[in-house]
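Quick one: this structure, given as structure tokens, is what I'll be asking you about.
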Amino acid sequence: MSAAKMLRTKIFPHTMLILFAFFFLFPFIWLVFTSLKSSNEIFELPPRILPASFQWSNYKAAFETVPFGHYMLNTLVICVLCIVGQLFASPLVAYSISRIPWAGSKIIFAIVLATMILPSQVQLIPQYIIFAKLGWVNTILPLTIGAFFGAPFYIFLLRQFLLGIPRELSEAAKMDGASELRIYSQIIMPTLKPALATVALFTFVGAYTDFMGPLIYLNDAAKWTLTLGLQGFQQDHGAQWEKLMAASTIMAIPMILLYFFGQKYYMQSGSAFTGFK
Amino acid sequence: MIETVSAAPPKRRRGWTRKEWHYFWLGLVFASPWIIGFLVFTVYPFFSSLYFSLTEYDLFNPPKWVGMDNYAAIMKDRNFYKSISNTLFMAFISVPVTLFSSLLIALLLNFKVKGIRYYRTIFYLPAVIPGVASALLWTWMLNPDFGLVNIFLRWAHLPDPAWLLDPRFTKPSLILMGLWGSGAGALIFLAALQGVPQTYYEAAQVDGANWWHRFWRITVPALSPIILFQLIMGLIGAFQIFTESYILAGGKSSGGALGGPGQSLLFYAVNLYQEAFINLKMGYASALAWILFVIVMLITLLVLKTSKRWVYYGGE
Amino acid sequence: MLRKGSTWGLIMVFLLAAVLSGCGGGKDSAASGQEGGEAAKGGDAPKEKVQLSFWYGWTGPEAEALEKLIKKWNDANPDIQVKGLSQSDYQKQLTAITGGNPPDVASNFGQDVVPWGERGAMMPLDDFIRKDNVDLGDFVPAALSSSQASGKTYALPIAMHVSMLFYNKELLEKAGFSGPPETMGQLKEYITKLSIKEDGGKLQQLGLWPGVDAYTFSYAYGGSYYDADKKQVTPDDAGVKKAVEFGKGIWDQFGSKELDRFASGLGQYMSPQNPFFTGKYAMTIDGEWLPTFIKQYAPNLKYGIAPIPYDESKPDLKDPGNVTTSVFYIPKGVKHPEESWKFLKWMADPEQMAEFTAAIGNLPTRTSLQTHESYKEVPGFQEFLKYSSSPNLHSFPATSFSTEYMTEFSNQYNAILRGDVGLDEGLKRVKDKIQPLVK
């Protein structure tokens, strides 16, 4: 490998990545170190990054205050249902408004955008009334059912991806007499993998970190999610920061793992296009 | 067959062909999850808020019809103008800045080098830190005396502002914090970059196009549908910005008033929230919401209209 | 094709099953409370068992103190079982009441009571109070008044807060003062002497943070925010104006720029770096919980607790103060108002109130508890308990628009301090905005 190529393909990328990575990694390092400080140390001025001694007991205390396992399970059930729903509905709808030439596609796209533009605060109460009338308050349905009808954000996102896929891809199959459902599931969906992985990840993180939804709709501490559990560390005049930070660190781990191992779904599709040229 | 499929349904004076009916039903079936969800769960909240905007509604008593009174009152409300100018600042500065940085990060993360998996994870980390924790982190980072940001600025002999305490610098602080979250936006770009055929680049390289040319001729057009998405979502998000201000300049700590020093973080949605749930004026808040709706809808349509000139869809 | 079709079929079945199981699961547990009640009725329980939900805003250790009381109640009342739920955000209550799904008993801040109550969200308790002969005369007047309007009592105050003057004994001695300031004039003088600038003009130590609490000082000057007889809001009242002038006077002594700079070096409130604990503030105006924090975070701090200074021209207004409360109430539309009231009344009984307020370090709202022994261990409480019997304590006038009034007042107060608006103009803006809300 020539020196110039080495510089271009190895040294330059790594230097840039490391430089930027520091900016993005630092907060997390700070979070972890803060979670290991004693409560008197956290607000020391001037601040220091490293704890004087590692207080692993913060984690023990956090676990004792919040029933993590129980809340984690509750949270994951909601997350999984939302992902399943979102991956079922959003691509279907996006497909309809991007790749099926029908009269409603433009209207639906406009309404999809419109529902995002009206601030949710003024829709909260009527929405609650619907769920109350259905008898769904204090169940996870208000938090999950929406996913099975598709969310505007993902429909719009997938629409953009779908519009970018060359027409020829589906037309050849159509000539062979394949049904639309088959084209959708066997030809289009595979090329959409990176986008669907993004939808899944965002849905997970969105449901996992949602505070207002569970707060409003869950009336039973046994059904609580992790974000509601974090409330226990915050009081009127301040918070038990060391425990809050320990709990936040634990909470972040599933999201990091999911992202780290889910990445392979990003990598597969490049070939889907290149194979078709 | 190909022609009928790829062309939009031809305009006819009356009656649809069988083909058009076929596609109509097909489109309807594919879109049905969303249509059902919209009819059951969204139509009522959506239009009841429009009705509320024409009433005096305190949440506990039935709404009372007042016609356009709320809208007239808003036109004379100082907080309305304050919040709209704060919000426009965010929309016009923060959106392009964040868009650009997400794109830049996505390009970095698309390098095919060893260990890229780890880098990608790192860049996404800020998105997984709970809001209260990151708010504390930032008050710490932006501390005028001890914060890392000012330590750096002083080292570079640049002015070191009081950031979150100074009304002139609270919004720039939020933009800075937003940059840190651009990993999520980068993820979307990264997904889109996976769809750009490598062969395009190879062919361009054979033609002797340099990096910059390849970026402008291949990458940007290929990403343009997603740039449009990020732009519109960024605008919609900027006009509804709420949580950041609520956590940083929250209620109790500032004597009940939301909006931070000198009301510099009184954004449109913050003001709306305050009117709806603290002052118990849901009718007034709904009118605020519908004014915002009209403004943002117009901007969105304008962006969509211009997008025909710069967005390239591979499928068209 | 067939294979493909069956895969899709399977997916659809799975989805449906997921939805249904989520639905069924939810319904089961939602109904379990009622089923439990019916089962008990079917058995040999003499009365129908009632399950009450009780939502409160305390979290963490404070919530534990409350749960202890709930358990005590449940053990003694098998026929009325209470289930507590800690929720730090009051949005939940608001939504649930509006949506017709309210809790049976709930807590809230005193300042929300009349705005919510006058709009019909809270059940007036007067009939219950009369029937059970609850002695309202035992309650601190300023605390009770925040729950009352138009002859109705919408909630019972369970805990109250009042601010006093805290001073750093060593710093005062160093400046040549042998005791705390007693009058507003002295306070001004103290602040000037206790504020120390470094050589470069950088503020090092501040006598008293000028942005603090205009309400407390308003009452010191005999100010009032509302004239109930004339139905006039009075942010321009002479006493209020004097309090704002007082804050503005100190603020301008240093200026926004220097104060921002100074504030940026201050530590977190609930930490050893609290500026009063570290000597950055020589004095501060704060509530009854502060001594507990001092004991925890700065046990070596030598401090004193003194009455809020009074206006020398109005010696009859000694020991002024601004009272805020936490309350329990019954939302409108509850299914078992009688049982809800029984529980609420029990919680507000002297015994329970003493246990709860002592555990969370809040002041009791009953004057009969001001000498109760359970507060002996709470640091600083002797001073505060004594102070809470002062006749010059006030709470912000309880009206249907008081939250909006307070928000606007605090906005304009900040704008006045920062010089964004003149004093008279700022107060006039408050009046212009709030007066139309008077009905």
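Should a chain be cited, it is by its letter among A, B and C, assigned in written order, with residues numbered from 1 in that chain.
Rule of thumb we're sticking to: a contact is a pair of C-beta atoms (placed from the backbone, for glycine too) under 8 Å apart; a residue touches a chain by one contact, two chains touch by 3 or more.
Nothing here was measured: the structure is a model prediction, and the numbers come from that model.
**Student:** For subunit B and subunit C, which third chains touch each of them?
**Tutor:** Where subunit B and subunit C share a partner, that partner set is A.
**Student:** More C-beta pairs touching across which pair, A-B or A-C?
**Tutor:** Between the two chain pairs, A-B has more contacting C-beta pairs.
**Student:** Could you state the distance in Å from the CA-based centre of subunit A to that of subunit C?
**Tutor:** Each chain reduced to its C-alpha mean, subunit A and subunit C end up 36 Å apart.
**Student:** So the centre of each chain is just the mean of its C-alpha atoms; given that, what is the distance between subunit A and subunit B in Å?
**Tutor:** Centres of subunit A and subunit B (C-alpha means) sit 16 Å apart.
**Student:** In subunit A, which residues are in touch with two or more of the other chains?
**Tutor:** Where subunit A meets two or more other chains at a single residue, that happens at 45, 88, 124-125, 145, 148, 234, 239.
**Student:** Using the touch definition from the top, which residues of subunit C touch two or more other chains?
**Tutor:** 91, 98, 265
**Student:** Specify, in ascending order, the residues of subunit B that touch 2 or more different other chains.
**Tutor:** 59, 143, 145-146, 277
**Student:** For subunit C, which residues are in contact with subunit B within the complex?
**Tutor:** 91, 94, 97-98, 111, 115-116, 119-121, 260-261, 263-265, 332, 401, 403-404, 406-407, 410-411, 414-415, 418, 420, 429
**Student:** Under the definition above, what is the set of subunit B residues touching subunit C in their complex?
**Tutor:** Touching subunit C from subunit B are residues 58-61, 78, 143-146, 162, 165-167, 254-259, 261-263, 274, 277-280.
**Student:** Would you mind writing out the residues of subunit C in touch with subunit A in their complex?
**Tutor:** Residues of subunit C touching subunit A: 1, 4, 8, 11, 15, 18-19, 22-23, 25-27, 29-30, 53, 58-63, 85-89, 91-92, 95-96, 98-101, 103, 265, 267-273, 289, 293, 297.
**Student:** Using the touch definition up top, name the residues of subunit B that touch subunit A in the complex.
**Tutor:** These residues of subunit B touch subunit A: 1-2, 5-9, 20, 23-24, 26-31, 33-38, 40-42, 44-46, 48-49, 52, 59, 105, 108-109, 111, 113, 116-117, 119-134, 136-137, 140, 143, 145-146, 180, 183-184, 187-188, 190-192, 194-199, 222, 225-226, 228-229, 232-233, 236, 239-240, 242, 252, 269, 272-273, 276-277, 282, 285-286, 289-290, 292-293, 296-297, 300, 313-316.
**Student:** So in the complex, the part of subunit A that touches subunit B is made up of which residues?
**Tutor:** For subunit A paired with subunit B, touching residues are 9-10, 13-14, 16-17, 20-21, 23-25, 27-28, 30-31, 45-47, 88-89, 92-93, 95-105, 108, 111-127, 130, 145-146, 148-150, 153, 155-157, 160-167, 171, 174-175, 180, 184, 191, 194-195, 197-198, 201-202, 205, 209, 211, 227, 230, 234, 236, 239, 241, 244-245, 248, 251-252, 255-256, 259-260, 263, 266-267, 269-270, 273-274, 277.
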